[in-house]
Amino acid sequence: MDESRNLTIVQGLREALREEMLRDESVFVMGEDIGIGGSFLFTLGFLDEFGPERVMNTPISEVGFVGMGVGAAIEGMRPVIDFQYGDFLITAADQVIQQAAKLRYMSGGQVEVPLVFQLPTGASGRGAQHSNSLETVFFGVPGLEIVTPSSPYDAKGLFKSAVRSQNPVLFCVHKHLYGSRGRNLAHRDTSTGLVPDGEDYTIPFGVADIKRAGTDVTVVANLLMLHRSLKVASGLADEGISVEVIDPRTLVPFDLDSVIASVEKTGRLVLVDEGPRKGGWSAHVAAEVAEKGLMYLDAPIERVTSLDTPMPYAPGLEEAVVPSTDDIEAAIRRII
Amino acid sequence: MVLIRRFELRVNELFLRGLIPGTIHLSHGQEATAAGTCLALETNDRITITHRGHGQALAKGVTAESMMAELFGKATGCCGGRGGSLHVGDMSVGALPAIAIVGASSPIATGMALAYKRKNTGQVVANFFGDGTANKGDWHESMNLAAIWDLPVVFVCENNLWAVSTHISDTMRVEHVADRAVAYGMPGHTIDGNDPVAVYDTVATAVDRARSGGGPTLVECLTYRRGGHKRDDPATYRPTEEVDAWLADDPIERFRTTLLNGIMTHAQLKTIEEDVDAELDAAVAAAEAAPVPDPRTVEDHVYG
Amino acid sequence: MDESRNLTIVQGLREALREEMLRDESVFVMGEDIGIGGSFLFTLGFLDEFGPERVMNTPISEVGFVGMGVGAAIEGMRPVIDFQYGDFLITAADQVIQQAAKLRYMSGGQVEVPLVFQLPTGASGRGAQHSNSLETVFFGVPGLEIVTPSSPYDAKGLFKSAVRSQNPVLFCVHKHLYGSRGRNLAHRDTSTGLVPDGEDYTIPFGVADIKRAGTDVTVVANLLMLHRSLKVASGLADEGISVEVIDPRTLVPFDLDSVIASVEKTGRLVLVDEGPRKGGWSAHVAAEVAEKGLMYLDAPIERVTSLDTPMPYAPGLEEAVVPSTDDIEAAIRRII
Amino acid sequence: MVLIRRFELRVNELFLRGLIPGTIHLSHGQEATAAGTCLALETNDRITITHRGHGQALAKGVTAESMMAELFGKATGCCGGRGGSLHVGDMSVGALPAIAIVGASSPIATGMALAYKRKNTGQVVANFFGDGTANKGDWHESMNLAAIWDLPVVFVCENNLWAVSTHISDTMRVEHVADRAVAYGMPGHTIDGNDPVAVYDTVATAVDRARSGGGPTLVECLTYRRGGHKRDDPATYRPTEEVDAWLADDPIERFRTTLLNGIMTHAQLKTIEEDVDAELDAAVAAAEAAPVPDPRTVEDHVYG
């Protein structure tokens, strides 16, 4: 592949949205201040290219424009709604949980709601109200699809699938992984990557990706935690500990089969999730494995999660709450 | 209007006989608002429906048969039995299945209007809501967004003075919901919601305005529930004088008088009533006979 | 105890609130149509006894009055907010998740938010938008306490603790368990019960109650599912299968020790939760046991939950979604 | 006002030097609104603070020292380092730690006012918010609730014409936020927010009204951000003429001229500036020297 195509996630997303908008007239994007690119520069340049009808700057009215997305989707449009911080979607939770996710079902299949939310997620030094893990908050809602990409290649392919999905999709990207200009980019070595040029590929939902193969222990991690886990895995390799790192890529649907197949091989499972300890995808996966894969386990299932606190502001406190590479390594060592 | 009235009374009866599960909110007394509004719309125009939505749905053309079956929770219902009274609707006649969360349908209607504008279809959507709904932030945001983008939506308030047991004068310091339109730079009208002609005229003007790119209008229709908030509510909280005055002003009786004044004959009206009764008899019979949804399909329609 | 004191849950709650309002001037209640008792008649008679200043009928403005509850609590009041259906709290999710739950923490302990939500929860034949398990929706939010009583005695004692708590409390009662006049009351034999007269007792949070002792398998269940589980347990007793039924009573804090102690004894665990399969308290408890109590398990951890669908209206479909006594019994048999 | 201005410029500098983590939203240019409002309040009155809240906090009496330490994420900060720039505040001087979700503080302020009314304390709360916030349903619901219950709250809009990069004229069809007060039956005033005396006078009247049981008032203060929305925003979306006109109307320069007109001398003003600089030097030094919060305390204050 063309080495100049070593992109960041936001670049991959931007390409995906642009290509989808060129391909399909019904795709449009709305959100706050997206005329200047939005908070993570996801729509940088789009207003010039597509004009204000397809790149709609909204007032600060989340219930209003999320509900509008639902209505426009019902009537055949494919809205993409950009959030400056995914946290603000909580102010429109009813439109997500009670409307978007349920209208298809409660109408007996009469309507569908193809709608994508672009949601910066996770902690990034901004304190309690700007650090929710949206993929945790909305995890248990039937009718939603939830995507958490961790590489530019995945992000682009998954985003195209999101736009083409007939369901509401929460597309959650960690704030430290976009790589937008002026923003902190964590783990540049693993969080940037090659993306093919001009190829219209998609990545299906519900297919996990083994980001690193291994035989001694299975680690399932996503978003920022995937990169921390990869780092730990490569450190442990020097000691001869072989860690398999699985990126579920989508949380709903979740590729449980791949996780269980890996556990069957390794006998050990560590789940790494930036959300708080109570609930979230990692609790669900642990529960599923404890029911369907208990016979393969040679050790307790370890979960590495944030502490059950709101997110503190001071950098040292935030570090104490969110799983670190040390925490991940310790969990692996506990069961090996 | 006669269909709505008799549908509601029939439903009430069936409910009391234990044939309809769940809960129901009847709209008898408010027929003129639903009928006048929907008459001003084309078939491919849309409405959004409230928790008190049977009348709105019937007025837009949802059949009594498919709706009755839905209330019975049958597979032949308009939502296949998945919706129930709180979610009736039929997209094939432009009636979005009802949204039972107060205020939540206003942004959705606004978004539907956005789609019409973008796709240049010339369609219009009427968003029904109640007086109590105008205190919900969701409604406020929608009014503003529809206004700034000149979207083809007509906001139709069924102001029946009460939100469950709470009188409008206890929830807002303005007299009329339409007094709030000015905050969004939108025209607002307060009209007699028990007069189907007045409703038709005002909504038709608003629809024309919307269709021609003139943007949204708020139409507040003054009307009244003839019953309680829902089936088990005796509505004793309402002052007798108020109830008496409003019940005396029955939209159906009033319109009957108008029609008998040279437009239709007694015999013609009688025929309408008989047709309606026959339609409802058939609807009930069909609903009773219809199969319940197959539990093996229960996971259908979660995802597409 | 006085047999005439065989109460329903709503009677127990009403007594608790009344006694707390008499005891403490700062307690007041607000909500929609509570002047006539509210949807489940929780405040029946309160307007007459306490007047409109302490029994505030609100407009339909959930964000507004929930936020007002937060503000009033900050300034030393103890608001109780009554919901007609807990589902409507989702329209005020931001005030719960981002404000009430976090203000104490992000202010460094400067403010506290003692605030109780009375939330009818679960499915009761009203379709998708009136059947959310609120205890699932808000389970993962640090800073909230979540209570799910299943008997009048517990309800009264827990409600008093809720009013006296310094934290925001979601008090979730199953719609079929209130026993309000005109409402369906499920499992009258176990869901009504004796409540002592004139005794100012409280039940602490985080202490599970063994509702039925047993030795072969541990069942943890709450709300309506507790009563279904008790019924199954008494049926299985006839076959000589001894089921221990634990009622956690509060989900946050959760009494994990009691569950693990029971599993240590029985070696088998079934969790019964009306919420959907993905997430919720039962996934969390399964994950915790798979980590901390794996060595005690002689069989996979079974979870019995609702299906991952919105709630359908037709009675036969709702029954297919929500765990039945048959489903619970089958799960127990699978691991015994 | 001088303290606010210099605090903000100092913070900007420290941020660029990498000493302040997180993000910051500066309020220089808007000093007169914060100062005029808080001067009209008693110490035991309250304010709620926005994301752009340093000025509001300082005006209410939060010390530069405790706020600077908070911005540095230090244990001595007003929120013990748990809050940061987005959540500054100090209840001991009546400043509720800031709420960074747009619109969310309005219902909370309204509820605080309810407590004062119920407990008969005679206190008043001022709820600061921006022009962009008036499009949020949360705000709408609060305005209405405060109005129907005559609660002692003053809604103070800092209308700086912009919400991030979005001009007020693109988000509402009315010219002024105060034009919306009529929808709630509440008085609304639009005033020169760069004139501390005008702000003081109007807010003081509103506070008196609130304190005496007259209910809430909406005061819209026209003002302007001297910088971008946040630290990395060059604000190039704003038209040059608009920027030039507003920057020329500096509230501090203007008030200086007023004061020099016989009220204070150059020397006195100079002393103020020197005192402020000394205070800020001390605040920065203290913040730099202060300890970071102990990670072992990280789980404190989740529950009480």
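Lettered A, B, C and D in written order, each chain numbered from 1.
One rule holds in what follows: a residue touches a chain if its C-beta (ideal position, glycine included) is under 8 Å from a C-beta of that chain, and two chains touch if they have at least 3 such contacts.
Values in this document were obtained by computation on a predicted structure and should not be read as measured data.
Taking each chain's centre as the mean of its C-alpha atoms, the one that lies farthest from the centre of chain A is B. Averaged Cα coordinates give chain B a centre that lies 45 Å from the centre of chain D. Rounded to whole angstrom, the centroid-to-centroid distance between chain A and chain C, based on C-alpha atoms, equals 31 Å.
We define each chain's centre as the mean of its Cα atoms; on that basis chain A and chain B are separated by 40 Å. Centroid to centroid, with C-alpha atoms defining each point, chain A and chain D lie 35 Å apart. Counting partner chains per residue, chain C shows two or more touched chains at residues 59, 61, 63-64, 87, 91, 94, 98, 105-106, 127-129, 142-143, 307-310, 312-313. Residue positions 79, 81-83, 87, 99, 101, 104, 135-138, 141, 144, 148, 170-172, 302 of chain D are each in touch with at least two other chains. Judged by the touch criterion defined above, the protein chains are all mutually in contact, each touching every other. Contact residues of chain B toward chain A in the complex are 77-83, 87, 89-91, 96-97, 99, 101, 104, 106-116, 118-119, 137-138, 141-142, 144-145, 148, 300-304. Chain C contributes residues 26, 28, 53, 58-59, 61, 63-77, 79, 94-95, 98-99, 103-112, 114, 142-143, 145, 166-167 to its touches with chain D in the complex. Within the complex formed with chain C, the residues of chain A that make contact are 87, 90-91, 93-94, 97-98, 101-102, 105-106, 127-129, 132, 136-137, 139-143, 252, 275-284, 286-287, 289-292, 294-295, 297, 299-303, 307-310, 312-313.
Against chain C, in their complex, chain B makes its touches with residues 21-23, 73-74, 79, 81-84, 86-87, 99-104, 132-133, 135-138, 163-166, 170-172, 232, 237, 292-293, 295, 298-299, 302.
Those residues of chain A that touch chain D in the shared complex are 32-33, 35-36, 57, 59-64, 87-88, 91, 125-130, 182, 307-310, 312-317, 319-321.
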